[in-house]
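The following pair of complexes shares a single chain, subunit A, combined with subunit B in the former and subunit C in the latter.
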Partner chain A sequence: MKRYILLIIGLAMTAIYLFPLYWMYLTALKSSTEIFQYPPTFWPADTQWNFLEVWKSRGMGRYIWNSLLIAVGVTILATTLGTGCAYVLSRVRNVWIEIALFAILMMQVLPSSLMVTPIFVMFNQIGLLASPRIAVILAQTAKVLPLYIVLCRATFVQVPRELEEAALVDGSSRIGAFFHIMLPLARNGILVTSVLIFLQSFGEYVYARSLIAKNELQTATVGLQTFMGPNANDWNGIMTYAAIYVTPILIVFMLLQRRIVSGLTAGALK
Partner chain B sequence: MLQIEIDHLNKHYGGFHALKDINISIKQGSFVALVGPSGCGKSTLLRTLAGLEKTSSGDVRIAGQSVIGKPPRERDVAMVFQSYALYPHMDVEHNMNYSMRLRRRPKEEIAERTRTAAETLGLGNLLDRLPKALSGGQRQRVAMGRAIVRNPKVFLFDEPLSNLDAALRVHMRGEIRKLHERLNATSVYVTHDQVEAMTMADHVVVMRAGVVEQQGSPLDLYDRPANRFVAGFIGSPAMNFLPAAAASNGALVLDNDGTQQIGLNRGMTHGRQLWIGMRPEHLSLKPCVNDMAIDATVTGIESTGSMTFVVLEVASQPVVLAHGGRPETRKGDQVRLHISLDDLHLFDRETELAA
Partner chain C sequence: MQGIIRTIRDGSGFDILLLGLALLYLIIFSAFPIIYNIIMSLQTVDMFTLTSFNRPFVGLQNYYDIFSQPVAGTIFWNTVKFVVLSIVFQLSIGFGLALFFQQDFPGASYLRGLFLAGWIMPALVVGAIWKWLFAGDFGVINYALTSLGIADDRIFWLSDPNVALYAVIIANIWLGIPFNMILLSVGLASIPRDVYEAAELDGAGVFERFRSITLPLMRAQLGAVISLGVIFTLQQFDLIAALTQGGPADSSNVAQYWSWQFSFQTYEISLGSAVSVLMIIFVIVVAAVYVRSTRHEHSY
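Let's turn to the complex of A and B:
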């Protein structure tokens, strides 16, 4: 009996969480009169297929390409810089490391909207705004790097130190032990964390909005804004755009779902 | 020929003095056990030999060459870890030949030596298994295999049997010893189990709190313990200690008991405080040659079948007697406890050294 109650509660919660997503797809398929109809319909009466039209008229290909470029750039940069850092933080134990970890966690607290002004001023002074997408990559990397380091360090901490020592005694150098033993064993954690920061960067808004001036270099999140006018009510177009943008992310998430969940809870048992 | 020389070795961790002036010489081909309670520094000493710990002062020489400051890979030592430390993402074969692949040995040599080692250890049909698909005993053997394929100057064992069940542990003890003899290797073996140390090693080093308390052959340590700690640590069940003092006539008087005297004249100065040490297996309920006897009360009997441990009380101190077979005595009995004077150990109560 208790099992069924829990199941019902779980289903209800899931429904609440997924409702906006459902509403997005639903609105994307409704006609504009049906969208404002009261009481609302929960299944489109007259299904609209505007995807291709919205894709073309809004130039979504370019926006998504920019988003992708920035997300890939951030992921590559953050994994290259962050993995070594996370490894060191997992292996060395002293007061300075504690302070460094604390500082890294503190950086997580600072929101993009707070950081964007000093970053804008600094990038402007050193001329980085001439290549705005690189500027966004750098700013966004700085933002996600703490999260990457903290999550990645957790996976390195789980790899027993003795494995590394065994490799050293077997004749490996420290760097060799890192590449042969530590990296393969932390692979899942690194992969999951990379996917998380990739998805985060794919949906980045504040830096792209502030640092990129030219429309043809803008990302998809900012592109969504082009619907916004003084009397914007093209909800169907907005939701169609959103559906096109979100669906690939959802598919990636679902494909990697098992790994992501196991990666986030790894360490509970060996 | 000396294979390992540890010379006035000291190790500090911050303010903690982990190893204090360690001196040990290890002959080529010998099997040395480092034994002591946990936290005594035995594992630290082993890790120092492997190059996994830095030293503070003193010298360590392997095959005549000082290895101070050298990384593990330049020492030509192999180590078997307590947790086995098998690489989880490599199968048995790759676990075993990782060291040779690092040294870029020819493919045929790698294959040949891996096969030989696997056969020696009975792992021939497990080569393509991952460590997680092996039993505890098999993992232990893979860890051994990883060490023997390399044919190193020195084998280091860090409590390799402590994760095995009792029966397998006894079996592997013999296997390791046999392997050691077949390879004519030099082995250093860390254990907290004195039985393991006594049965396997040619030379036992007893450590406590970073200090070598005594070293020598197993029987040497058993027969002539240098101090009370070694006497209590070596031997199972542990040696009994009774507090006593030397009387004016040189005989010993047990504390809490003015009446019982032990006619043992070793020229002790009057009033010297001592511990009398008696091994449970040397005590007897029947008279023997050149013996002394004390009155005791039986307070408990523990039988293992082949052996019976009789727990007694002498001058309000517990004493254990190990009796082969089954003694005809019961709880509450008043008995006379006999021991040959040659088997008595005396320790100074202040310095704890053998008197």
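Let's turn to the complex of A and C:
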């Protein structure tokens, strides 16, 4: 009996916590007069499906495309550079590795909003701002790479050393052992970590806002911010935009929830 | 040449190559910008000298200029309030939820996982949603507060300078709860059950058990979560951009947003650099303390 009372309290707390999400979807489905009703309604009286309209009128296709492009670019670059580094950090132990690991942990915490000033000036001087999406990819990779390395390292630590040693004894080269033994065994962790940094880069705002000048190259976050403008009134449309934007993120998250949680906690506390 | 190829294929060259590539990248795009930032904070950098490599050196003038700004005091005090209040509430609510979901009931771990939905969403979108929740005339929060009798009148959360900062803090607490809860849950799960059972046999009540078992055994975890909280709170930018943009009249402005405003809105880039240098130093100190404490724990 006590377990069911706890369940009900648990459900209530989850519902309260997730209320903002419910309110986003609800507002998206209400009509533009209903959202300004006071007292507000908690279920749409006259459900509106204006997703396609908002998608078209706000040019969301282009924004989402730019966000995707940046997120894919960051993920490819970070996994290429980070996986091998994470592997070495998990296998070799000496004072230099300790120093490298410490430096990487320090770089993990640098806030984008503070790093963007020197990055902007530096990229401007070497002409990188002429291709602003690449500039954002480079800057955002520097931001997520340390996190990727730390989380991936935790995965490699769990792969038994003996498996790799056995392959080396059988005459495999280091490169061969890395690609044929280590990578397949650490596949899950690498996948989850990549998804994590992909989602983070998909919602990136500071670098896109500061390094991209042209509207047609902007990301979905900046598109939403422009939509919200100083005297925003179209909350119906804004919440529809938000719902279109975050629903895929939430679906990916729900599918990988358990793995993301375990990967994240392993990295942050070890 | 042959030797180099062999060491990369089969020796320590392989390790050095893999490590070197990532580190080189981080040095170019992370470590160098920090050094460059420090240099810029000692120069005059504005629209005219932006692309120049030979800028006038002004010493500590920029730092002096920052602290002599009339709003400097407000902004640094806001930053302190933002960090401290966010962490106190994120931590206590997160800890409470972690303790609650630690109990044995159907679906506990599934429900706990649902909370992370708040953490995975882009902070800018979270800001947009909260902006609508906080809306003065038609906002659902004002409706709830007035109909429950907590507030007499509508609160203009985002346009009243007395409450704008607290509105941002509330939204930030919402964002931070899941992370705190999950990390603390991991810690709670690692406390052996029989410790509690033994204490219960000795007649210790719920609060006694919490005070004498849970808290001391969670000390390292709590330390880690607090340092991570400071770090994440100081990274928060998107939420402020979506909710108040530091306004009205800098009443909800914090240092990391202020730095960005100097660089990208008024183009006083060297002032932006100076604020940024100060904050980066602070973040790195906090992070170093955190890393040292987790390393220390490993040696047990």
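The working rule: the second predicted complex is superposed on the first by the 249 of 270 C-alpha atoms of A that agree within 3 Å, B and C clash if a C-alpha of one lies under 4 Å from a C-alpha of the other, contacts with A are read in each partner's own complex, and residues count from 1 in each chain.
Here is the rule we use: contacts are C-beta pairs under 8 Å (C-beta built on N, C-alpha and C of every residue); 3 or more make two chains touch, one makes a residue touch a chain.
Source: prediction; values computed, not measured.
Partners subunit B and subunit C fit side by side in the overlay (superposition on subunit A). With subunit A as vertex, the superposed Cα centres of subunit B and subunit C define an angle of 90 degrees, given in steps of 10.
Of the two partner chains, subunit C is the only one that A:L138 touches; subunit B does not reach it. Once the two complexes are laid over each other on the shared chain, residue contacts for A:S173 go to subunit B and to subunit C alike. In the superposed model, C is the one of subunit B and subunit C that contacts more residues of subunit A. Look at A:G73: by the touch rule set out above, it reaches neither subunit B nor subunit C. When both complexes are overlaid on chain A, the residue A:G189 reaches neither subunit B nor subunit C.
Applying the stated contact rule after C-alpha superposition, one finds that A:P39 touches subunit C and leaves subunit B untouched. In the superposed model, A:G237 lies in contact with neither subunit B nor subunit C. Contacts of A:Y245 after superposition on the shared chain: subunit C is touched, whereas subunit B is not. When the two complexes are overlaid on their common chain A, residue A:I149 makes contact with subunit C while staying clear of subunit B.
Between subunit B and subunit C the least C-alpha distance in the superposed model amounts to 8 Å. Subunit A residues in contact with subunit B (one complex) as well as with subunit C (other complex) are 173. On the side of subunit A, the complex with subunit B involves touching residues 160, 162-163, 165-173, 176, 180-181, 184-185. On the side of subunit A, the complex with subunit C involves touching residues 2-4, 6-7, 9-11, 13-14, 17-18, 20-21, 23-24, 27, 35-40, 81-82, 84-85, 87-89, 91-92, 100, 102-122, 124-125, 138-139, 141-142, 145-146, 149, 173-175, 178, 199, 202-206, 209-210, 221, 224-225, 228, 235, 238-239, 242, 245-246, 249-250, 253-254, 257-258, 260-261, 264-265, 268-270. Considering their complex, residues 8-11, 14-15, 17-19, 21-23, 25-26, 29-34, 36-37, 40, 45, 50-51, 53, 97, 100-101, 103-108, 111, 113-118, 120-126, 128-133, 135, 137-138, 140, 143, 147, 174, 177, 182-183, 186-187, 221, 224, 228, 231, 234-235, 237-238, 241-242, 256-257, 259-260, 263-264, 269, 272-273, 276, 279-280, 283-284, 286-288, 291, 294 of subunit C touch subunit A.
The touching residues of subunit B, counted against subunit A in their complex, run 50-52, 71-73, 77-79, 81-83, 85-89, 98-99, 102-103, 146, 150, 156.
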